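Letters A, B, C and D name the chains as they come in the text, with residue numbers starting at 1 for each one.
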């Protein structure tokens, strides 16, 4: 089960998006209609042991200037690597990322963390510590 | 050289090697060889009941018992006796404490040399763990004997019929002078090569300090002077000698030197400390050399018989 | 603050682990070689079987006279050490770390259990602190080194509690928790905490000495 | 409440300390802490958590409740840890205090090892402090005299060679009145058992030799006693830190046994002698195992009784209790055999608590009683807890198969008025055994 993922060899503490507090309500609705999504909560990861990770979909993407859905809803190429071209919005992440992965597959929880914290780290923007996203604020 | 030789035997394997040397010595010196055996110890005081040292039983000792023991002795040493043509043999049995009887007989016959084995215990079980130990009879005889005591522990591989190489080992102690006289006169008499050997002891530290090389070389030089002053200056008309001074653990160096020179007699003083002969414990180096040497070792404790030699 | 946090979980973490592992290896190796060339009289009689027996015995609470005669201290010691090890390896945040960094699937403690353990550990440390002040023998012999070790050992638990109860700025608290953990790692080979390295050896030596040479239990 | 308030005048300590200079002290301390000592000192100093768990172990600290300077870790703190902290830079007066602690306030009985979770050996640390004091000459006068006696006469009590042989002859004559065939064979080569004793036996407990001879004779043992130096197996030099002399003593002892080619050495009822012959002396000489096997007399009596060589027609009637000497229980695990022997000898045995390997020391061993009268007060006051334990048994006789324990217990019994008597196992066996050879 233990394999050293070659792409990320640094130790990171888990982190999540820092909510920008009450600002989000005042913004006009973004172009897409996902403003009802405010947290990342995967049913597959029950029993949940931490408050859900705060993630106001539209507000975050607008703030981070993300318009290509595939940035997060990426696909999978033939040898199982991440494929940014193929857009898979709508399919649940657990389809490809099982909770306890088979060989070569990234576990679900790890995928969430790699995706969010990885991006925050590259852009040096956004929280990296646990309570940064997992807050019940 | 040796008119009378006393060979004290236990009539057991412990004395076989000593027997060979004793008979060789007697043959070459055309000497009178006393085959001396203490066969029993009195059970109580001056009682007639005697405990046989070999069998352990107690019985009355009469003439035919003594003849039986003598006959047994002669069968053990049959071929050595056959080979004794020039020397004469006299068998002597005794009852009593071994070392007392040996010393009493030696004094009574005024023998020139005593030949003995080193100990009578079969296996040398403790030498590997701590230290090899010689027998108590030999220890007491070597201390009290008026004449040199030739101790043979292991088969003598080099001494054919002649003493050709004699090694005198010294540590320049007072006791070593008697040993020197004995070695020197024997070599002069027999025409053997005399090696004067000294081993500087560097095996243990003195007050926690091990001697440095300069210190060792200074000791070697000093030893050479002492050789000259104490021994060579006392030799008249004798040049068949060689002085050799090594450093190391004394008994190891002596044994290596003896093997190297194919020695067939090592002469050493019985002890080194300046203690009266009667109280002196046998030297630890002598003890180790006696037990490990491949040729007889003569331990000399007193000047008496040595001064009488020619 | 954010960049400081990135450094703390990044290069500083690698540095702390390196110092801990290399430092411990070096301390143990140098002590072992010192023993080999200065204590052969003791090493020659070493018997691992009796050594292990003594370690096993002393690792069971109240199984030795020492533990029985100091019950509260025994409870506090075992509570602290067990929770320290469990939390260090299987605390939920740490489990995520193992997984995030190395992809290692590590079992995680349920959060309520983790919090309970943290509280127990903190209370044990508090007891150690009180005892070090109140017990006349301990007060008489305590040195600054002991206080340093106790302080260092307590910090990670306190900061973990603060993070859990989300007291103060969460980023700052998490940062302090990370830094205190790293401080403990760095301190283990060089302060009083080095007993973590040498206790197996001293315990095994005493066990072997009492077992093999003295034929008598050492508890 | 520190050591400074309880300083005791000792002639040699005063004289030696007066001659010290801080430089000399530092030089000697360094020669031991950096020179002779090795990993054990380093790892003990570093690993001791100063947790104070050993306070419950030491009879000194139990008898001085609440005084930290009597606890094992307190003693180490006032001596070795202080020396290490100051790198030996201490005043001569402090060396006086350290010597008093090391020589008279610690029996090196190793009871604290049973309490220390980390396995710190306080006894070893105190023996290092004693080594430093020895090298500085700062040793209490009485025990130093016994050490001097060792180096001059190879025995502890200035017994001359002829006096030793005379004592044996005297005991042999006395014993032959009772056992006509009895002999104390001197230097009999090749016997099974060499019986070795400590110097106090010929000096003032000579009846023990009488009894031992009787026991050997009635059991039909092929035994001998040495005539020359090396007969004394006791070792005050081990206690004072004169390790070189300890080596000489044990070499003489072993080689005398080798020279007599005996199968086993049976030792008289002594604790520290066994420690020095069995454990510390042979290690100093580098004998990985023993040139001649060592048997303690408790083990030997057990053998005699179990093989029936000694028969006990009628057991000792009065209730007795057993005092486990540290050096043969924590030092050699003879707890069970000691109990089996005593149960074979006595009808009614009352156990002390604590006992066996958790026994409380008699406070005389480890050279403490040999420091003589000036320190008797320390010794007796330092073992009130043993007096309570003894009193709790409520019996009249306490069996202590060790010379030091006898001295120590007798002092406690008389000081705390317990009205008890100490007995050797040899006493009991001699009193109770069948004596077919007796007239």
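Throughout what follows, a residue touches a chain if its C-beta (ideal position, glycine included) is under 8 Å from a C-beta of that chain, and two chains touch if they have at least 3 such contacts.
No experiment lies behind these values; they were computed from the predicted model shown.
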*Spell out the chains that contact chain B while also contacting chain D.*
none
*Which chain's centre, taken as the mean of its Cα atoms, is farthest from the centre of chain B?*
A
*Between chain A and chain B, what's the gap in Å when you average each chain's C-alpha atoms?*
98
*Could you tell me the distance, in whole angstrom, between the mean C-alpha positions of chain B and chain C?*
69
*Report the inter-chain centroid distance for chain C and chain D in whole angstrom, where each centroid is the mean of the CA atoms.*
39
_Based only on mean CA positions, could you tell me how far chain A sits from chain D in angstrom?_
75
*When you check chain D against every other chain, which residues touch at least two of them?*
288
*Pick one for the touching-chains graph, please: line, ring, star, complete, other.*
line
*Which two-chain combinations touch?*
A-C, B-D, C-D
*Given the complex with chain D, which residues does chain C contribute to the contact?*
31-32, 34-35, 37-39, 41-42, 44-45, 54, 58, 64-67, 69-70, 73, 77, 135-143, 146, 192, 194-195, 198-199, 201-203, 205-207, 209-210, 213-219
*Note which residues of chain D are touching chain C in the complex, please.*
37-40, 42-44, 46-47, 49-57, 61, 66-69, 71, 73-74, 77, 81, 113-121, 279, 283-284, 286, 288, 329-333, 335, 357-358
*chain C-facing residues of chain A, complex*: 1-5, 8-14, 49-50, 100, 106-107, 109-110, 113-114, 117, 121, 124, 127-132, 135
*Give every residue of chain C touching chain A within the complex, in rising order.*
2-3, 5-6, 9-10, 13-14, 92-93, 96-97, 99-105, 108, 110-111, 163, 166, 170-171, 173-175, 178
*In the complex with chain B, residue positions of chain D that touch it*: 187, 189-190, 254-255, 258-261, 285, 287-292
